[in-house]
Amino acid sequence: MKKSRIARASALIIGLSLVGVACGSDDSASDGAAASCEGVKIAFFGALTGEAGNLGVNIKKGLDLAVAEFNEANADCQVGIEAYDSQGDPDQAPALADKAIADAGVLGIVGPAFSGESKAVNGKFDEAGLPIITPSATNADLSKNGWKIFHRALAGDDKQGPGLASKITADGKMKVGVLDDASEYGKGLADIVQTSLGDKAVEMNSLDPESADYSAVVTAAKDAGIDALFFGGYYAAAGKLAKQLRDGGVDAQLYFGDGVLDKGYIEAGGPAAEGSIIGCTCAPFDSNATFLAAFQAKFNEDPATYGAEAYDAATVFLAAIKSGARDRASVLAFIKAYDAPGVTKQLKWDETGEVVGTAVYAYTIKDGKIDGSLGLIK
Amino acid sequence: MSQLSNLWTRFLSLNTDVQVRWKSMSRVQRLSGYVLAVLALYLAPWWPKIPGIGWLVNTPGTQFSTVLNDQVIIFVLVALGLNVVVGLAGLLDLGYVGFYAVGAYVVGVLTSQHASLPWIVALPIAVVVSMLVGVILGTPTLRLRGDYLAIVTLGFGEIIRISAKNLDWLGASRGISDIGKPPSIGPLKFGVLDPKPYYWLGLTLVFLVVFCLYRLEESRVGRAWTAIREDEDAAELMGVNTFKFKLWAFAIGAAVGGLAGAHYAGKVGFISPDNFPLQLSILFLAAVVLGGSGNMAGAILGGIMVAWLPERFRNFTDKRVLVFGIALVLVMVFRPEGLLPRRVRTKSPMKPASDGQEVTQ
Amino acid sequence: MTNEVLLDFNNVTMQFGGVTALSDVSVKIFRGEILGLIGPNGAGKTTCFNVMTGVYQPTQGSVVFNGSDITKLKRFQITQSGIARTFQNIRLFSEMTAVENVMVGADARKTSSIPAALLRTKHQRAEEKESYDRSMELLALMGIADRASDAARNLPYGYQRRLEIARALATEPELLCLDEPAAGFNPAEKQQLNELILKIRDQGYTVLLIEHDMSVVMNVSDRVAVLDFGKKIAEGLPSEVRSNPDVIAAYLGVPDDAA
Amino acid sequence: MPDWLIVRTFWDLTVTGLALGSIYALVALGYTLVYGVLRLINFAHSEIFMVGTFSALIASTQLLNIPMLEDGNYPYRTGGTLVLFLVFILFAAMFISGVGAVALERIAYRPLRGNGDAFGAIVLAFLTSFVIGLIFVNETKANLIIACVGTAPISYSYLRFFKKGKKAPRLAFLISAIGASTAIAEAVGIWGPNRREQYQTPRILEKKVLFNALGTDVRVDYVIVIVGALLMMTALTLFVNKTKLGRGVRAVAQDAETARILGVNVDLIIVVTFALGGVMAGGAAMLFTMVYDQSRFNIGFILGVKSFTAAVLGGIGNLKGALLGGFMLGLVENYGSALFGGQWKDVIAFVVLLVVLMVRPTGILGESLGRARV
Amino acid sequence: MTLLEVRDLHVFYGRIEAIKGVSFTLNEGEIVTLIGANGAGKTTTLRTISGVRTVAEGSIFFEGEDITKMAPHDRVKRGICQAPEGRGIFPGMTVRENLDMGTYVRGDKGPQKAKDLEHVMHLFPRLRERIGQMGGTLSGGEQQMLAIGRALMSKPRLLLLDEPSMGLAPMLIAQIFTIIKEINADGISVLLVEQNATQALKTAHRGYVLETGYVVKTGAGSDLLVDPAVRAAYLGG
């Protein structure tokens, strides 16, 4: 044998690869047939599994409902759904985004669900002209990157923070401890709340959300003698915090941002969660009776946080497809011009992709359930 | 599995067989073989299009060429670097992600956060800074032995991540966006969408690192490292400045880790502390040991496996990590020295041994 | 043998916790001689060795080698300044080949480091070649060159012992310290070892020999020093030491047993 | 007196720090015992703790039918019933954790010692066919069937492999431990009672203030944790020093080969060691759920890293060191949080570790269960 | 009566065959010694009899019972106990605790144990002085005494001694061999492995000469002692 296996194998692989190169650049669906909905898809992008999976599942359900309704109403145009499960990890997101971009059938994305992964991939979507409507990423900076494809179906934290602050003031709290979990979302929101509260705020550093023990925070809260506490962070840490504060004898009113608006907070906090006030730019799940009924009929449960926003986002894409848009550019153009009521709010976007004229809602925990009856703040 | 294990052993001996034949070939034949193999690697983004092999290597659900760069190249680079520390010098480092983070952050800080140097200028700075950090961390800690070193390095990895997360100067938890990209060379455009140029760049970096590390391994330095790993006291009594060489191993490992971080930052353009969790250190270590600690080929194979397998089996969804854990146990039970165990080199760097036989185990 | 003092072990006291392992021991080693160091187990021979090679810092006293004080030097610096040793329980680099083991020793005298190895400079290549050639030479001298490219742990016991000596010699020492080199040898092998030690001395090395086996010590040593309970109790020619009443009392006790 | 937070709240922080430190100390014991005997970082020990917290949950909700109290009041359990309940849950957690630790040793470590047995072979074979099943059918039920069918022939060939096994290098143990740790945590995350979400445990004990000392309210649960930990520690020390098996543990730690020659069944001692560590982790888990009322599939990782740090801080292989290290780490974290903010507490903990190791390279009390290194 | 019989023993270290078919017997009440150069397989033979090394081929009988595959602790229960090469003292245990380890498999408590302890103290008065001291702080000779004493605490029928003279000064060596004879006089059979062939053959009733894994010669101790071939090869000139 004269040539080694390595050389022969290499030669074979090279040859075949070159054939691949010649056969066309990347796998692309034929986007010729303009009228047919063949291969047209709306994608979900966010966490379905992993630690942050809950949130993504809520969103995916909103999307599923919207598409199911559309497909039922339009037998001649069946839209598909593609799910890109990033597990909320900015490390995994780029390879998924590239896959979505390479799939020419994907005309719009509901997501990315979190702010971190948004930062990692929105630039890609922008470059590829693939329009996105996020139903949940509320980081204020996201709309300031000049991404023309970026939209969100709810207001950002820069609206939520002042809203929460005014609620706290309205409740007559005079000494408010402001705490965060050092995460981008939590710290960002806490900073806005603290600024808005002015000298009523007592800064209380950060806590480590992964830690089990918050006794140092409890001690500090007791020591500071606060009558209210705002925590910027997510529900798991909030639950532990609420419980330990109550056990430690701190009875200050608790305020949170939308990251805590999840039944996981009630599960983690138990009785200590009762009476907490949670702000969110998302609408209460029962704000639209038709949507509520349809959702309950399909999934046999109440919609959860961001479910309605996801439904709205999907509706916009579906409307674009309905209007005959079969490529990303025309879908994007359609969104830019869109102005119609959704189930949560009037859907119309400004230049930066922020939804126009939104509101902040206050929720509370009552009898072990999320209660939206506090309604709009302001 | 014992049969499987036998199969693998036979595959390995086949390899040796090939190597023997390889050595018997003429220079021209060997050179052309190398060129072909390298070319095939550069064409890797198109492998999924090859019938058969394509099905095997393709990553359903994610873009193959992105995986090649963002996962495979990064893990291979990191495994190569960590292999110097763990495999050659025998220092257990559980905080290697720290150096990877330093490399990425230096590029982030210099090209976006506080300055706007071009990536190509920031890259060597990142490597040097990582190396310096390695020296700074190594100086006080390398006097510790074994498992004490492990826990201290683990602590360092955490300290770096927590600092990045809480220092506004480093972008805190917001991370750093708009990181500079490598300069485009002619038709090679380092843009946002096409991962292929990054892969080619990364692959070139891998070759460069392999070349450098090979030279080190086959020199006085490599011998000193191996001697330290085998018996540190005896090495020192044979005149090896153990502290200096351990520090060098740490620094070189750190530099390669930093290089990987810098390449990653240039590619993705956005980094945040979430990219550098403690668990990543453990994955890195798993890559090295899984492949075969102390063997460069092993480290590369381990890096590829740990990076590529989870993407290949993405349809396991949330069971991916579970399977990974089980696989680690199984591989260690049946191949405790890794998939490609370390070999004792028979030839000296200057003169090939007359018989050319390799001694395994 | 000249009268030039190569190593001056000066009033060394060594304490571990409360235990005194060496108390005020002074030994001189002259250039070119073979000095045998004997004593009952626990007498402090190996401690002596460890102080000389920098493994321990003495509590008191100093070690002067070639006119300079090496007490405070690090272990590798002591090796580089010209003292090499072997180990009582063989401590080879078991995953490395025999020749690589010796090359590690030879590297002690080399200077090329990372940058040179990366660039593979002319100097570095010359050094590598030098190391390799010298190592092969030493393996040949020890009579084990036939297994040069075997992993150290695959070598037979006798080869491993000799490989240790080769590795120590590769550091180009002026003083070679052998710690019980005859352990585990049969009489024939001991005889070979004696010849080997003499050959090494004849090449110009000074040898310090710790040995239990009287047939080795008494046959090759030019002078013998005796330790007992951390103190030097005798020093002199083998014949003198043999008849020293203190030594007989402490060590040779029943002369018949000195097999 | 300066008006710093840490000065004003010093005693508060001390009490809570000691409570947390007790948990660290108990978990650290497991690391220390196994390290002393096998020179192995039992990376998966943290998951044994996690399993303990879930055992405590299941014992209280399923076996004792303790309801989740909506209003947080504890009207009906006091005195003897309360003590009985607490002790029952404690033993349940200790038992399951102990069994878990022993099983872990059989599956993930013993085959690496070249000494694998049928139990390990069967479990590994089951896992292998489970993974194979996943590749072809990604559905749990079908998978289980495939896994069960595949187990028998595969375990047979595994056993044959084990027979000629030899001892693996140290790093292999570490990686196997990491793999086991990952797999256990993920399995609980996938199939556990609350999947990946945090869950709360029902409250049995009303956390009222027991007494006030130095201006600090000391809650009853903190007292139970600290006293409980000290008691368990004492029991363990007595066991190791005074019983025959304990003497065997110390003998194997110091010189396994000689111990074997003297008739110590080394495999049995290793099982005992893992069981002891597991029992201590189970105790820690019960106390943990009592104070913090919660657990999660991934709770072990960070707590494990901390506890291992505590073990090293005190001197790994040293039982007293684990206690000292645990308390010290708990206090340092709490004081550090008050001084610099909670986000920096891990940094402070590791800096303290580094400083201690610089001064005393084998921890505060040094290694003692095993032979000191030369 | 034959107490121990070893038949055609083969033992491997990794891939190297360390023992290549050793057979010998030991009768009740005898001292038998195995002599030979380092690497001849003496220690391996002892360890195989103790059960810490596994047998590739061949068998071991103790009191007529096949113990080839028996676990080490069961062998100790049957009365085989070893004082290992290098003494194997537990450095972090006191002398008393070390001695207690000898009774590990017996689990005797109270008077019997105290009596045995007294007996060992009587044999080795030095140990009495050191009873509370840590094993690691003893001198070499004391450690050897402790190792033998510890093995005696298990009340063995057969005592395996591995190089009891190793690393000891000649004065101590003589003492140790005297004690071995005393122990034997109490009715305990002894299998002795030694480098110091002169002393070993003087002490033993019978001896076997091992060479690279084989038995090459056997005979009464006194005969071997004067055998010119043995003298030349193992006793030094």
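Order of writing sets the chain letters: A, B, C, D and E. Residues in each chain are counted from 1.
What we mean here is this: a residue touches a chain if its C-beta (ideal position, glycine included) is under 8 Å from a C-beta of that chain, and two chains touch if they have at least 3 such contacts.
The shown structure was predicted, so the numbers you read here are calculated from the model rather than taken from an experiment.
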{"item": "Contact-richer chain pair (by C-beta pairs counted) among D-E and A-D", "value": "A-D"}
{"item": "Longest centre-to-centre distance from subunit E, chain (CA-based)", "value": "A"}
{"item": "Centroid-based (C-alpha) most distant chain relative to subunit C", "value": "A"}
{"item": "Between subunit A and subunit C, centroid-to-centroid distance (C-alpha), Å", "value": "72"}
{"item": "Rounded Å distance, subunit A centre to subunit D centre (Cα mean)", "value": "36"}
{"item": "Inter-centroid spacing, subunit E versus subunit C (mean Cα positions, whole Å)", "value": "33"}
{"item": "CA centroid of subunit B to CA centroid of subunit C, Å", "value": "41"}
{"item": "Residue numbers of subunit A (touch at least two other chains)", "value": "50, 53, 182, 206"}
{"item": "In subunit D, residues with contacts to at least two other chains", "value": "343, 346"}
{"item": "In the complex, subunit A residues that touch subunit D", "value": "50-51, 53-54, 182, 205-208, 210-220, 222-223, 236, 239-240, 243-244, 246-247, 249, 264, 267-272, 367-368"}
{"item": "Of subunit E, residues touching subunit D in the complex", "value": "14, 50-52, 71-73, 75-77, 81-82, 84, 88-93, 97, 100-102, 104-105, 107, 136, 150-151, 154"}
{"item": "Residue numbers on subunit D that touch subunit B, as the complex places them", "value": "35, 41, 107-108, 111-112, 116, 124-125, 127-128, 130-131, 134-135, 138, 154, 157-158, 160-161, 168-169, 171-176, 178-187, 189-190, 301, 305, 308-309, 312, 316, 343-344, 346-347, 349-351, 353-354, 357-358, 361-362, 373"}
{"item": "Subunit D - residues contacting subunit A, complex", "value": "5, 8-9, 12-13, 16-17, 19-20, 68-72, 194, 196-200, 203, 207, 209, 217, 219, 288, 292-294, 296, 298-299, 302-303, 333-334, 337-338, 340-343, 345-346"}
{"item": "Footprint of subunit A on subunit B - complex, ascending", "value": "18, 21-22, 25, 29, 32-33, 36-37, 39-40, 43-44, 46-51, 53-54, 59, 61-63, 65-67, 70-71, 165-166, 172-175, 177, 191-193, 195, 267-270, 272, 274-275, 311, 317-318"}
